[in-house]
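Just so it is clear, A, B, C and D label the chains in written order, and each chain counts residues from 1 on its own.
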Amino acid sequence: MFIKRQLAIIVMMSMGFLALSGYFLNFPTLREFTDKDAPQWYMIIAGFAAFLGCVNLLQLHIQKVAKKQENWQYSIFTLLGFLVMIVFGFIYKNVDAPWGAHLKDDGSAFYWMYNFVYLPLGSTMFALLAFFVASASYRAFRMRNFEATLLLISGVLLMLGRVPVGAIIPWWVVLFMYISFIFAIIASKIKDKRIFFISFLSTNIIGLVLGTQLKWNITAPLFLSIPSIQEWIMAVPATAGSRAIMIGIALGILAQSFRIITGRERSILGD
Amino acid sequence: MNELKQYFYFLIIPLIVIAIYFLNPADIFVNGNELSFVSILISCFMIEYFIQKSKNGEDIYLRPIPAMKAMEEAVGRATEMGSSVLYVPGIAGLDEIDTISGVIILGHVAGMTAEYESDLHVPCCVPIVMEAARESCKEAYLKKGRPDLYNDRMVHYVTDDQFAYAAGVNGIMLREKPAAIFYQGKFYAESLILAETGNSVGAIQVAGTGSSSQIPFFVTACDYVLIGEEFYAASAYLSGSPEMIGSIKGQDYVKLLCMLFIGAVFLFSIFNYFEIFTFDMMTLFKINIEGYSVN
Amino acid sequence: MILNLDIIGVWLSVLMTLCILSYLYGDNPFYKIAEHIFVGVSAGYIFALTWWDQIWPNLFGRLFPSYVDAGFDFSPSYIIPLILGIFMLFRLIPSLSWLARFPIAFIVGMAAGLKVYVYINSNILMQIQNSAIDFSKSGWEIFNHILILVGVISALVYFFFSKEHKGAIGTVSKIGIYFLMIKFGASFGFAVMGRISLLIGRFEDLINYSSEQYNYATPIILISMIILLGIWSFQNNKSEKNN
Amino acid sequence: MKRFFTIVGTIDRRIIFLLIGLSVLIPLIKPNWLELPIKIDNNTQIVYDSISGLQEGDKVLLSFEYGASTKPEVHPMAVALLKHLFAKGIKVYIVSLWPEGPIMAKLAMDEIIASDLFNIEDGKDYIMFDYKVGGSIVIKNISDDFRGIYKQDYNRIPIEQLQIMEGVYSVEDFDFVFDFSAGVPGNAEWVQYACDPKDVPLSSGCTSIMVTDAIPYVESGQLKGILAGMPGAAEYEKMVYDYLTNELTNNNEYINENASITKGKAFSRMSAQSVAHLVMVIFILLGNLSYYYQRKRG
């Protein structure tokens, strides 16, 4: 039983320790292994893992066709697609480039299949997302609480600031956005609706008058132009949030890798 | 663990190792990344300290995470409505830590579906993950004493390609209409297709990922989200194993050290400027190895 | 009406594009066929490319250098990755599937070892190094830099699990979640931008392919598809009604 | 008024799809209806300045890590950057860490050769390599031992015979590394596994969704600026277009005299992007207003 359970754990632990100590120890043989051979072996095993995936996919779809499971007719297309790519990849290359280089030679049938079947399918799958983002923005994106409102406002400001149309949004519209944001926060504090609306309108008018006095209509200050607001959002709050998440995730990965190297992470090997 | 032994392990040994490192006998250590060596050593010993502490049964306090309670509720709802539970373990391989956490949380969810006898469906995108997921489900069903309910058809491989996988999982959602959907693992751009379709099928969706570029979509379209580190803490909670909970606690204290270190670097740069205290912190931060190149 | 391999290819790519876009109307046979072709072609593509660009030159190039001549010289130690790779394929044979644990152990172990060093350096130490104040910059930049520090510390407190978020820690973690939400908002804005750019790229191709040079590929296929989809959904509703 | 919002709240998904589709299609068909000036973001400017800082004969390593699904965002950056590098007589080394990387690199190089702006030669001014499986481990391998994995270029010619490969043994022998990324492995892995440990200047052009993850690296200087998605590509394309036109006037020796420099599609794409963003913002506002009314009434 030892071989099945413990040996694999020992291999995992020793590989982890070797890879880490490769950065610190000065032994040439160790450095030779960690910097040259181990990465090569890793790449070769990862290549076999890709084969495993393809063979497993074949197995799945062949079973689907053999047992006539639901939607089995479509699985024939998968098998056909796979077969055509294998034939063009290994048997028929219709171009005289050496084997392997023919995959990228624009005369070969493999390249033709990539250019006119894989490329459109792959890019259109992704383009579908624009439609889903639109419907998700419309149906799923709600100002449920103050945090969601912050997320919404920084998202909208960023979307407008990054495209040329953001630069032509006039200063008083941005001023109106500032004022309505402040009033949205204090709205719950003021009970009487009439006072709320009157004060809201008056601050807007004061802002407009002040703006024209200070010649904002000629040279709008930075805090009133959406592209520079967007640049500030990216440079300060977004950087702070990303940095905190980055440190947090790095610590998570550090702890998980520590458990792998000390052989405590059993579930990966299924023990 | 009596006090003396504890002090010996977690105070004296690290100091000895650091002393040996800086003495660098017979030039066995590479120079140039001292700070990395010291910080790796301190964090590892701190995590080890808390793992030992939780192994000896000392109770460790970890604050409750809201999305965790939602998982039980989601599987319960799926069983009441007699529909299936869909678990999406992300599209990365096992070398990705998020996928490992996803497989651990899968083990817990599989335990719940075994208890509630609702059927579980786990479409995988990477062959190794499919193997690990099958193992993890088999273990969970065994632990709950229901190996009869488990069959290999629950966990199956779709395709290696990100978008064919998203389309495949969408097909499963539209056909089976699961009442509870879990997205736990490493996700990229396809997270929105899945969450949007899950939303339209009207399922409770609990997401959890470390890939921070996908969290905004999960926040908008899912009911509960484990954000970054909460996701790693959740898999520690669920596994209930002393190593996991101990390392979460250890991580917390290393995070405290990071905050103190940020404060120290900040203060030193101010002192340095006003010449109260002339020690340039920047000389500490060298991380590339000098003097040794392989070829 | 010129007919050569490229024109057929263009027509095929427009057909594939419109089959996937028909998903917007709903899950229909056109979409299912295109999706399944995509699954098969992508697996075939990865299989061929992995073989010719990786396994053939880097592994067999070292085991049989004379036959493969990929520039490597003979190194017998590469028998080990070959064996480990075959163990990985044994996963498909239930009786031998336990052998696949060794290649998995190799990959997971090595990745973990590298990640410890790499994440501590670039994701923690280098970020902490950046929290030093550079007084040569202008007052506004120093204020921003301090604001970043406040944001980083408060967001880290939000991810603190050892203390219940009440009292002082509660308010600091509240500020932290605000910074995080602004960051997620920025991510959402960028994500929407990215999606739309990909749609622009796709429509650009469709517009190019509707020109006379490609025998008006897009309009013809689009119209014929709309008709076929109409017929299919009409029959589909009829058959759903009576069963 | 309330009835209007309840209807608005329950619009069928396909009408939203149609609206977004039109908001992108119309500006593409009629680009001159909406001609807006492109404003340069400061991160794009940093990338442009660090590339212009390179000298003639420097060695730049380009890593292609994107595919068909993200081609529209990242491919224009690749073409613009290749033009910028060749106009400065810089040696270009292309590696691919994604399965579709080699074909994307080939498409970009074909576009450059077809434009016959420069007389460049495979193996002398640029060299391309095959796809290697393994993600971040390949980057570590490149940073320690480039010749351990790449013994031949993508035409199966041994690198010893190629003059461009002299003196190239690891990532330190390159003057600059530029990474076109759309996921993992991407710019984060290049920062972590190669350019931080070996202290080599690195910059990146990536899909918009990856930008917020990479911003901490940009602010701390680990990444020299960043090109963010299609707008970043459009800005860079415009800057390189201006650079090439005035380089042509004071006859830069790398650009053929009678070459015609075509204006990229940056402007028509940016007007489509602007209209689509406005429509999205309107969707968000409408969606929330109908949600607000339902909650008040419900």
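Criterion: a residue touches a chain if its C-beta (ideal position, glycine included) is under 8 Å from a C-beta of that chain, and two chains touch if they have at least 3 such contacts.
Being a predicted model, the structure only gives us computed values, none of them experimental.
Student: Between what two chains do the most C-beta pairs come into contact?
Tutor: A-C
Student: Approximately how many whole Å separate the CA-defined centres of subunit B and subunit C?
Tutor: The answer is 20 Å.
Student: Take the average of all CA coordinates in subunit B, do the same for subunit D, and state the distance between these two points in whole angstrom.
Tutor: The mean C-alpha positions of subunit B and subunit D differ by 31 Å.
Student: I'd like to verify one number: the distance from the centre of subunit A to the centre of subunit C, where each centre is the average of its C-alpha atoms, in whole angstrom.
Tutor: Taking the mean C-alpha position of each chain, the two centres sit 7 Å apart.
Student: What is the distance in Å between the mean C-alpha positions of subunit A and subunit B?
Tutor: Chain centres of subunit A and subunit B, defined by C-alpha means, are spaced 17 Å apart.
Student: Two or more other chains in contact with one residue: find those residues in subunit A.
Tutor: 20, 23, 35-36, 40, 42-43, 46-47, 49-50, 52-54, 56-57, 100, 103, 114-115, 118-123, 125-126, 128-133, 135, 137, 139, 141-142, 148, 151-152, 155-156, 159, 162-163, 234-235, 238-239, 242-243, 245-249, 251, 253-254, 256-258, 265, 268-270, in rising order.
Student: I need the residues of subunit D touching at least two other chains; which ones are they?
Tutor: 13, 17, 20-21, 24, 69-72, 102, 130, 132-133, 135, 137, 140, 144-145, 149, 156, 196-197, 207, 209, 211-213, 216, 219, 228, 231, 273, 276-277, 280
Student: Residue numbers in subunit B touching 2 or more other chains?
Tutor: In subunit B, the residues touching two or more other chains are 33, 36, 40, 43, 93-95, 97, 100, 127-128, 131-132, 158-161, 163-164, 167, 189, 192, 212-213, 216-217, 219-220, 227-229, 248, 255, 258, 287, 289, 294.
Student: Chain touch graph shape: choose line, ring, star, complete or other and state it.
Tutor: complete
Student: Quick check: in the complex, which residue numbers of subunit B touch subunit A?
Tutor: 27-30, 33, 36-37, 40, 43-44, 47-48, 51, 93-94, 97, 100-101, 103-104, 107, 126-128, 130-132, 134-136, 138-139, 156-161, 163-164, 166-167, 175, 189, 192-193, 195-196, 199, 210, 212, 216-217, 219-221, 227-229, 231-232, 239, 241, 243-244, 247-248, 250-251, 254-255, 258, 289, 292, 294
Student: Enumerate the contact residues on subunit B facing subunit C in the complex.
Tutor: So the residues of subunit B touching subunit C come out as 33, 35-36, 39-40, 43, 61-63, 93-95, 97, 100, 127-128, 131-132, 158-161, 163-164, 167-168, 170-171, 174, 189, 192, 212-213, 215-217, 219-220, 227-230, 233, 248-249, 252-253, 255-256, 258-259, 261-263, 265-266, 268-270, 273, 281-282, 285, 287.
Student: Can you list the residues on subunit A that touch subunit C in the complex?
Tutor: The contact residues of subunit A facing subunit C are 4, 7-9, 11-20, 22-23, 37-38, 40-59, 61, 71, 74-75, 77-86, 88-90, 99-100, 103, 110, 112-133, 137, 147-148, 150-159, 162-163, 232-251, 253-254, 256-258, 260-261, 265, 268-270.
Student: Hey, which residues of subunit D end up touching subunit C in the complex?
Tutor: 14, 17, 20-21, 24-25, 28-29, 69-73, 99, 102, 130-133, 136-137, 140, 149, 151-152, 156, 158-159, 191-193, 196-197, 207-209, 211-213, 216-217, 219-222, 228-231, 265, 269, 272-273, 276-277, 280
Student: Spell out the part of subunit D that touches subunit B in their complex, as residue ranges.
Tutor: Residues in contact with subunit B: 13, 69, 135, 144-145, 147, 169-170, 172, 183-184, 196-199, 207, 209-210, 212-213.
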